[in-house]
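What follows are several structures.
The two complexes that follow have subunit A in common; it is paired with subunit B in the first and with subunit C in the second.
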Partner chain A sequence: MLVQRNIRPKRRMIRSAGKDAPFSAFVYVFVTLFALMCLLPFWLMFINSFAKESVIARDGFTLFPKAYSAYAYQFLFQNTRVFSNYRVSILVTVLGTCAAVTVTSMFAYALSNKKMRYGNAISFMTYFTMLLGSGLVGFYILMVNWLHLKDSLLAMILPYLMNPFFVFVLVAFYRGIPYELNEAATIDGANDALIFFKIILPVAMPSIATVTLFFALQYWNDYFLALLFIDDYKLYPLQMMIRTLISNLNAQQFISGSRTAYAIQIPTYGVQLATVCVTVGPIVLLYPLLQKHFVKGLTIGAVKG
Partner chain B sequence: MFLFKKLGTLALAVLLMVMAVGFTPAYAEQLSPVELKIMVPGDRPADMDAVLAEIERLEKPTLNVSINLVFVPWSDLGSKTQLALLSGEDVDLIFDAPWLHMDQMFSQGMYEQLDGFIDTYGPNLKAMRPQSMWEANTWDGQIIGIPLGTTVGGTRAYHLRKDLREALGIAPIQTHQDLVDYLYKVKEAYPDIVPYSMDKNATDNNWSSWWIEQHNSDPATIVNHSPGGVGMTFLFYTEGKDGTVIKNIFDDPNDTIWNAWREARQLYLDGIINPDILADNRTSITQFETGKVASYVSNSVTVEPSERENIKVNAPNAEVEAFLEWSMGDGINISDFKVYNFLCIPKIAKNKERSIQFLDWSNSTQDIYDLFAYGIEGVNYEKVGDKKYTPLSNTYPNFSYVWVLNPVQDRFDSRMTDDEVAIQMYFREAEHWERSKLSFFNFKSDEIATELAIFNDVEAKYMSAVGHGVVDPDETLAKVKAEAYDAMKVIQAELQKQIDAHLASQK
Partner chain C sequence: MGLFRDIRKNAWLYLLALPGIIFLVVFSYLPMTGHMLAFKDYRINKGIWGSPWVGFKNFRFFFGGVNWLPVTRNTLFLNALFIIAGLGAAIVVSLLLNEIRRAAYKKVVQSVIFLPYFVSWMVVSFIVYAMLNTKDGTINRMLATLGHAPISWYSSPQYWPAILTIINLWKSAGYNSVILLAAIAGISGEYYESAVIDGATRFQQMRLITLPLIRTTILVLLLLALGRIFYGDFGMIYGVVGDNTPLLATTDVIDTYSYRALRNLANFSMSSAVVLYQSVMGLIVVVVFNAIVHRVDENARLF
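Then we have the complex of A and B:
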């Protein structure tokens, strides 16, 4: 009896799927295969970071290396710089993302409001920066000679605080929110700040989450600002470590014309892969954390009648 | 009142210090504290802090310098150093080289002329480098960088698998033909080993370039590439031991050059040269150390000890030997005595005297030099006699070529044999070499910058592939001619004009 009871609901489910079953099966198989294909490079990177160096040199990258060793990670963590680099990366990403999301979302809200005076002019000025860059030397002089931000964490945070592209993404989203919400709150006595933080922000969560993710990725993956403005190795983010690692691989090419045998320590494959694994770590966790916000459409049903 | 007293004492102390500095010609007493910012390429070694602490402990009582050593990734070296110079950043010593942007930075007036500083503050710097090195490494007759190098002339050598050669019953390789025979036999007997490979981007370091260079010992067929530093291949060349007439390969086809290109092509078609040579991102030495490549051309004329050890990890029976076809004698070979790396002082730097004093101190005794170059004795390295050392750790690899290197104090790896050291010494001792007529010549390319850019692009696009034999030389050279011939004529005329003027001024 027990067995029968268990089987019945299953049968019903299949019946309710009806003619779509073969199609669903196809979709499942396709998506699974596709997911596996996406996973494959990560797997290769992960498993080969534990492979013995000689195995990689002889057999290349394999799905399941023949011999394993933790040398790469030992080598990586014997240098305490990894930990300070980690701290800097996390600090810059957390502070930067919070500040950037706050500034960008507030700016975009102001721009999206129809009552905003000179809104179009400010929009144009925001948009204009997307077309023309300032040039590297000017930017460098501004940051280093005028603002004195050399060797400061702020140098890695400030330049990305407001991203015009994300501003327009958010403006478009805010405009989709019924203005009646705003009016109702105003009648209830809320001021602009209260309206933004208590009413608009929760409703706009899906777009804010998207922008947050992009900002976090941008801060986490950035090495360029550190390369320009940070000379103190204790303030390097993790990405500078990868940058140096990769460029050491190519160093031979830069100096090949000089006819001298240079003693350049070329990191082994294992160390390269382990470095990438270590730097990818925390940021991967951000996706599932923010994912729930992407699917929610919060404005549905917010205005009745 | 107390504050005033204190301030007064402080002022007196400062005054006394200024007087002490002002009246002390050398640095017998402690100088005022200064931080030197030094920008060099590479990756910060794990033990850098320990070594810097030891350096500062030794020099603080006199020089009183705090060292801020900034490492720039190799790939960003050009842009980052240029930016630092252009924006007027406060850097005291900066690495530069002719292969980077030294000519350009010099012509923009970025670097301080150092002749006077070295005369006053750099007796050791001067003593540790041969006079010929100082004379040849000038820009418009001025010293603008401390030369960091050991060799006065250079060449390359084939590194090959000795164990394979012996297993195949081949006698030690003496000639170019011996080598080619060896490669064909390796291909036949070991199908899974690539007979010969190189770096993929090697306009100047490939089968043909090296083949041509070997003829430099034979007066009848001597061809020199990149005269005046133009180009990396034999698109421009001079003939004869010390040729000063610039030729281009299209107007004056040269047999030595064409034969080399055709030979490379044949070797590629026969599977001797790595079929994937243009796709392999690994350096040639990395490929060789996997044990799956039988030979390559190395910048080092002898086998590096690390190379010998690394290959054994992957191929336990592997033995490595170097084949150097080069007549070593006096007066046979010419050189321009140019060094490849320099440490310069930007014009706007604040502590020029102290920078030179500091560098001078680094070259002052063997012990101090050893500290800079090899780290802390007993931890990072061990001395072996006067001229050798054994590295003990990988936490302070030798990167002396970015700041202190000189031919007198540099040590050899103790794992090198005496024969290998003797070969290395030949390339370091100025007395064996004759000075080439163009050794003081600096090509000023500002006037023809556009043509040079076109030429460099085309050369980079095609000539690696030609040199490796991957493409047909006749077809490809026709493309090079179509795209760059006009520019080349302009460059050739300008180069010849400047060389003639230079030679006239030398007389």
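Then we have the complex of A and C:
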């Protein structure tokens, strides 16, 4: 639509033909450099996870290591630690996302329905939590002393079940669905729950998908809840495994699970890099899907009408 | 009365809302009672309700101590840096990305700059460690080839505001520029057509058409960020810095401070006072900025 570049300027501008060329070149160079800057760390992590430990020790992390080996991955998958952490991450993400999407989408539908006279009051109650936080201390006491959720998978799931921001994104979307659908179904004798599950939910699938991915990403990437409530390393999610690997100087003992492993040469950097790669892996694999829905979701939620 | 009638009438709707309502009550409203501890001396065996009242003692302790000023300053200063650099970069990137006419290339670039947003802070933390650690870090290796002595980044607090700003920019610029690009996509092509007839260059079109027309979106993003200026990004700062004492001088924000008061010192009352101070300041800031921005631009407001 904007290709009429050769129309001659009428005002002030003296440089005419090709006057946009330097600007255009600048645009391409700048944008490409920025994109490379975003990509570079990923490449470094990925390629160096396949580098020989001795090469990393000698040259540091380089763009193209001189010698390669898959020993770090072999080593990582030899022991059970990574599998149990992986299992925790997957369990928390899958269970959490399913529950969170169910709770949030049902709640948002009730709020969006004008029939409910106290809907506004509940909306405000939801909105208020965005203004005044509940505070770390109260939250900690609730989880540990009242609900007794220390060292439990539920501690990593329950606190993220609902998010006011996603509620309002969904409410906005539901309100855009023609109310006649609802009326027609009511005349046919369907109750509100049936209407929601059979009619509204299928129509709202695109935005539900977006919210689902947001939740999944949040659960997968979170370490805060595990940091607060999980002391048992068997219940650590992958993110905590990375944290332990970085902060624990004795990564060797953590990986092999005992002090007797002194005889084997441990690829410390290699194992750290490999762990990072298996953590980011699922996200990168699902990235095309993620990106599509995120962009859609952002345009629903963030650009307010 | 009215409520019960409504519940009976719309029983199914209330049933759909019930899990959400229970969640709000349990996970948002019940913990708010914890704010009371700011005025109490918390004893674990007596709980929130039974612990004795001590008035403003915890606040006097916090505001009288050496920490509140640096912690508040760090929170505001780091957030200001993040907003200026992050939003600035997002504006520049989205404007320039919009100038790219090759759709395929634009799409690739957009995907790439959005990627960091999806990565966890723990992974970022490791990346930072790989870049900056004294012995094998990429940056120090590069410095060595330039004949420069290695810098001990993890014990030099003066560099960290800049480092954290770069990390934040790397992680969030793509995300924000996608939002801005969506706003740019909504601008009618007619503006540009008439500008071209008037002889505007591409740069002039960008500066005089695109930028003013996405002003509302920029203001909304700015307002969202300013509303949270009293809230440090715990996930990021604790993830990257952790309990690294030498760096706390420039990196300790209210959130990490109250976390350590709670977890490392088990000082519940003090942590409560800090959190309440933060919540109240945050609330004031949101209300004030909302009013200001509403005055500047009618359409840009949150509530």
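The rule is simple: the second predicted complex is superposed on the first by the 205 of 305 C-alpha atoms of A that agree within 3 Å, B and C clash if a C-alpha of one lies under 4 Å from a C-alpha of the other, contacts with A are read in each partner's own complex, and residues count from 1 in each chain.
Keep this in mind: a contact is a pair of C-beta atoms (placed from the backbone, for glycine too) under 8 Å apart; a residue touches a chain by one contact, two chains touch by 3 or more.
Only a predicted model underlies this, so the values are computations on that prediction, with no experimental measurement involved.
Of the two partner chains placed by superposition, only subunit B is touched by A:Asn79; subunit C is not. In the superposition on chain A, A:Tyr127 contacts subunit C only, with no contact to subunit B.
By the touch criterion defined above, A:Ala193 lies against subunit C but remains apart from subunit B after alignment on the C-alpha atoms of chain A. In the superposed pair of complexes, A:Ile283 makes contact with subunit C only, with no contact to subunit B. By the touch criterion defined above, A:Ser54 lies against subunit B but remains apart from subunit C after alignment on the C-alpha atoms of chain A.
The larger set of touched subunit A residues comes from C, when the choice is between subunit B and subunit C.
Contact with subunit B, but none with subunit C, is seen for A:Asp231 once the two complexes are overlaid on the shared chain. In the superposition on chain A, contact is made by A:Ala35 with subunit C only, not with subunit B. With both structures placed on the common chain, the touch criterion links A:Val137 to subunit B and to subunit C. Looking at subunit A, you'll find residues 57, 136-137, 140-141, 145, 227-228, 240, 243, 245-247 touch subunit B in one structure and subunit C in the other. On the subunit C side of its complex with subunit A, the touching residues are 2-3, 6, 10, 12-17, 19-21, 23-24, 26-35, 37, 44, 47-48, 93, 96-97, 99-101, 108-109, 111-116, 118-123, 125-127, 129-131, 136-138, 140-141, 170, 173-175, 178-179, 182-183, 186, 189, 192-193, 196-203, 217, 220-221, 234-235, 238-239, 242, 255, 258-259, 262-263, 268, 271-272, 275-276, 278-279, 282-283, 286, 303.
Put simply, subunit B touches subunit A in their complex at residues 37, 39, 41-44, 46, 68, 70-71, 73-77, 79-80, 83, 86-89, 97, 99, 149-151, 154-156, 199, 201-202, 204-205, 232, 283, 285-286, 289-292, 298-300, 304, 313-314, 340-341, 394, 397-399, 401.
Interface residues of subunit A facing subunit B in the complex, by the touch rule stated above, are 53-54, 57-58, 78-79, 81, 136-137, 140-141, 144-145, 150, 227-228, 231, 233, 240, 243-266. Residues 1-5, 7-13, 19-20, 23-24, 27-28, 30-32, 34-35, 37-39, 41-42, 44-45, 48, 56-57, 59-62, 102-104, 106-111, 113, 115-118, 122, 125-127, 129, 131-142, 145-146, 158-159, 161-162, 167, 191-194, 196, 217, 220-224, 227-228, 239-240, 242-243, 245-247, 269, 272-273, 276, 279-280, 283-284, 287-288, 290-291, 294-295, 298-299, 302-304 of subunit A are the ones that touch subunit C when the two sit in their complex.
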